[in-house]
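Each structure below is given as structure tokens.
Next come two complexes built around chain A: one with chain B, the other with chain C.
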Partner chain A sequence: MLANVNRATPYLFLAPAVLVMAVALLYPIGYMIWASFLDWNPSQRIGEAEFVGLRNYIYLLGDAAFRESFWVTIRFAAIVVTVEMVLGVGLALLLDRKLRGMTVLRTIFILPMMIAPIVVGLMWRYMYHPTVGTLNRMLESVGLPSAPWLSDGTWAFASIVIADIWQWTPFIFILALAALQSLPQSAMEAARIDGASGWQLIWHVKLPLMLPVLIVTALLRLIDAFKVLEVILVLTNGGPGLSTEIVALRIARTAQEFQDLGTAAAMSNLLLILLLVLTILMFGYTRLTERRAARLAAAREAEIT
Partner chain B sequence: MPEIVLDGVEKRYGRTQVLPPLDLTLEDGEFTVLVGPSGCGKSTTLRLLAGLETLSGGEITFDGRPISKLEPKARDVAMVFQDYALYPHMNVAKNMSFALRLSRVPKDEIDRRVAAAAEMLGIDHLLDRKPAALSGGQRQRVAMGRALVRDAGVFLFDEPLSNLDAKLRARMRTELAEMRNSIDKNMIYVTHDQVEAMTLGDRIVVMNAGRIQQQGTPEDLFERPVNKFVAGFIGAPTMNFLPARAEGDRLVGEGFDLPHPPGLPVPQGAVEIGIRPSAITVDHGAPLELRVVVAEYLGAQSVLVTRCGPHEVLAEVESATRAKPGETVRFAVDPAEIMIFDPETGTRLVPDGEG
Partner chain C sequence: MERRANPAFYALLVALVLMAVGPIWLMLATSLKLNVDIISGTSALFFVPTLNNYETVLCDYLWYEPEHVRRCDRTFGRALVNSLIVSTVATFLTLILGCMAAYALVRFRFMGRGVTSLTTLLVRMVPPAVLLVPVFGIWTFQYGLDGSRAGLVLVYVAMNLPFVIWILQSFIVQVPIQLEEAARMDGAGPFRTFFLVVLPLIKPGLAAAAIFTFRIAWNEFLLANALADRNTRTVPVVIVNSITEYDIDWGVIMATGMLLAIPPILFTLVASRQIITGMTAGAVKG
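Coming up: the complex of A and B.
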């Protein structure tokens, strides 16, 4: 009896936290799910809105503009996260050494991350300006034709990708650097004695040991990239055409301009589902590889005995 | 299996001189033990040999070839680290074969060598395990195995047994002593434990504060230490040191009056004498009278902690004598075992023939 009480104790202590979490997390999500089944405009209270079942979802699946922005979002997230991971981890590997001035350099590298996104957007909009912008002036000064940074669909997409990479590579850089510096030093020395060159050390020892941190970092970045809004809002507001209209922007516009809260909620839910699937896939994958390794080891051990 | 020469090797970290210029020659195929108290620069010396640290001065040569500018991998050394330094993400087999895989040794050759080393160390049933799933002793063996499969010219060991419990340490020590004879390589072994040094070394190099105090066989160091530091460091329980005056053919100090050891030149004035606890025996007819403070029972032997004037004197005696704390016991000292040191420099007074 007493043992049972003891076992229940941790749960008792956790209960208040779980309750707060449930209310703070599940309530808005539940609210959003409920809203996605309604035909609801902002002038109505939620109770007055008409229940329309799956109509919002069906409408979205058939909506070419939404599919386009879904596709833009996926492309955007995939490209920025890949490039940022490569750059961030690469920089961390490069700057993980004890040289004078390294601390200053590292601090400079993480500055972009600390700037408010709206400001980043304004700053880049200025740099991308067709006539007085820094970038075009630079191009002209070396005799190259100026580029339609924000006025051409393809260029505009590239422009928002560049701005995002500029702002978020430091995030990956810091986490990768922290991971690197917590790696066991003596294992690295052992690898050098075992004959590993710089590249082999990175490939066979450093990266595999950093992998758990890198996976979580990539996941965090991915989730964030799917929700990015302010910078793009300021830079292109989704244009030209739909070339840079990511889902988050479309959600905001659906709610504000089209006054259709139900469809906006349905879009948010689709985005949420996508993120959930991605997260589950990624954790599932690591779980799976671990389990497979364990099974293999067990099988081999059984074979021996 | 090169002959290794350290010629005026120096190491500084900023302004701190960790190793003053150091000269040392390590013969081919020898098992050399570097021993000294913690912080005396043993690991630094080893890391300089491995190429993990850069020299601040001097040169190291392997068979006459200067190597101080070479990367670790170009030096053909294998090293066992104090914390084992296994690769956490690789299983035992992968850990052991890493160097061979890097140097593109054929797969069946790798398998053969790993299997042979694993069998010799008794870890062949652990090849699929990751280091996290191993005990301290097993990790230690894997670290050893990783060095052995390399077949390198020089083996470096940095206190490989210091993280093991006493029993396991004693067993590994014995196994190492056996293994050492079957491996005909230049092996350099660092430890702070003089017992390890005495049982393993063909040759022992005693270091203190970055300086080599003495090098020689275990017997050399025990029987003919050059100074007080070596005499005190080698042997357990540790040697007793007492200030004394040489008066004619007697050595007199507070609470004792001992004969001058035969064969030694007679010094003048103040000296410091050294007596090993094992040279003191209980003898009811002897003149030396000491009060027992503590009796440490170790089985067949007991260590008696006694008072001699203001000084503490250890005596290692047969437990059968049954000396109790508080009792006053008479002891005899073998005069031939008394060592005399210069009280200023600490150097040992040697017979005219020796040294």
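Coming up: the complex of A and C.
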């Protein structure tokens, strides 16, 4: 902290950012909460919309299509995060060694997540294409029947999961690798001197030590998985039927196709609450581990003196 | 671990690299193919590359008139310019506002610091889909910003600020405070200290933040689709519009996708270290 500065200085530094966030982020969120209690279509000003209380929410709870898309979202998020965590952490454990080309390798691995989700959707849509698509051609060339990648509900769900795994496993990998490489060497040495095998080392030393970072990584990824929209939009646009219609997509469709802004706002609100809970969980968990680390450090200090 | 790596390990590496790059390579290959080759299924490695698709897409900006383009469709060229303007301006503004706010939060103790800091953390997770309805309503009826580039810039800046503020905080904390105190002693005001002493020291952080912001603004579809009109559409919107049509012209659309993918790919190749630092800082300091 800097001493003796003008008391207005911090506010001057902060003002522009706070102003923009208030005008274009907080106000819209408040507006959305208000709109979720209205019967509102896009041609009306918000003042002309009729107040309907909780009707939008009650409608959503009884709406089979919304419930379906809610479960699709949960299933999608749970599956991709689990698979990506296992693959990403597994790869990090495998590749955690002194490797000459590691920098190049990491650069290549982060490419998929830097590319626009729209483009990722496009690439996979091409590969999944029933006739010109690469995947069916590959199946054909080894004599297998072609697969209905995007035209059958179950297959389509698997297809969007695969595309997401392709794009985001590297994220887990990079973070897990960073966590691994910052582990205290002393613990590893001690375990090795005690004769721990490779697997024991991983199960009893490396994974427990990495756990805090892994939990935060999983939560970050989970929050992002609820936000996925563009890839699915390009690949299936929610179909066939409702098999891949995640909530974010349903919000967009309710607003743009069905012109029902009130219900869309209510849905956004529910999604927001879900994400808020996850964020607070993550935040609380970080605080907890930090405090525990601080207490440990203090205890160690006390022991020494 | 000083084990001799076995061949299986290298095979795994090669397989991973192929999997990561494969789809991107396929897109590039398809964008360089004639439609006949795409339909007939020529392999992704051996074909006669052509720039036809790129000429079709960029016909507006060529100094010659490619003979295979019968009628030049200006949509894409215009979208490219829009995308460039919107994302560059949004990135620039986000960085300036963001680093000032981060500095205030790290270096000063003042009323409202806790609230600001907490709010910033919480609004980080707001997805574009949630902003869709309110932003459409407000931008159209209250701010009168619908269909303008300024409207898009505003929402992108606001969306990215929380993340940028929070990531830059971890870089500013590391700047030795003695440097700032020395500058103060020499009579520099807080703004001069900030811009001339602190900013140059957090360049890596700024680079990471800039790349993340640019990437989000450049790639965003949903809000751009709701806010932009015919003249201000960005590239992602144009791409989605052209694939909902029944017959997809794969060559041209892959060329468009490739052009949209090139800037992020370039950034990654140039600054992968900063990107990784930024990502790791994000997770470790949740």
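Please note the rule applied: the second predicted complex is superposed on the first by the 249 of 305 C-alpha atoms of A that agree within 3 Å, B and C clash if a C-alpha of one lies under 4 Å from a C-alpha of the other, contacts with A are read in each partner's own complex, and residues count from 1 in each chain.
Keep this in mind: a contact is a pair of C-beta atoms (placed from the backbone, for glycine too) under 8 Å apart; a residue touches a chain by one contact, two chains touch by 3 or more.
Given the structure is predicted, the values throughout are model-derived calculations rather than measurements.
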Report task. Using the superposition on chain A described above, determine whether A:L87 touches chain B (first), chain C (second), both, or neither. Result -> neither
Report task. Quick one: classify A:I202 as touching chain B (first), chain C (second), both or neither. Result -> neither
Report task. For A:D194, select first, second, both or neither according to whether it touches chain B, chain C, the two together, or no partner. Result -> first
Requested in this report: Applying the touch criterion given at the start, work out whether A:I74 contacts chain B, chain C, both or neither, answering first, second, both or neither.
Outcome: neither
Report task. Of the two partners chain B and chain C, indicate the one touching more residues belonging to chain A. Result -> C
**Report entry** Which of chain B and chain C A:P28 touches, first, second, both or neither
**Finding:** second
**Report entry** Of chain A, residues touching chain C in the complex
**Finding:** 1-2, 5-7, 9-14, 16-18, 20-21, 23-29, 31-32, 35, 42, 45-46, 91, 94-95, 97, 103, 105-112, 114-120, 122-127, 132, 134, 137, 166, 170-171, 174-175, 178-179, 213, 216-217, 219-220, 223, 226-227, 229-230, 233-234, 237, 247-249, 251-252, 255-256, 261, 264-265, 268-269, 271-272, 275-276, 278-280, 282-283, 285-286
Query raised in the report: For the complex, which residues does chain A have touching chain B?
Result: 184, 186-187, 189-197, 200, 204-205, 208-209, 211, 296-297, 300-301, 304
Query raised in the report: What residues of chain C sit close enough to touch chain A in their complex?
Result: 1, 5, 9, 12-13, 16-17, 19-21, 23-24, 26-27, 30, 38-39, 41, 44, 96-98, 100-101, 103-105, 107-110, 113, 116, 119-138, 141, 154-155, 157-159, 161-162, 165, 177, 180-181, 184, 190-191, 194, 215, 218-219, 221-222, 226, 236, 239-240, 243-244, 250, 253-254, 257, 260-261, 264-265, 267-269, 272-273, 275-276, 279-280, 282-286
Requested in this report: Note which residues of chain B are touching chain A in the complex, please.
Outcome: 50-52, 71-73, 77-79, 81, 83, 85-89, 91, 98-99, 102-103, 125, 128-129, 146, 150
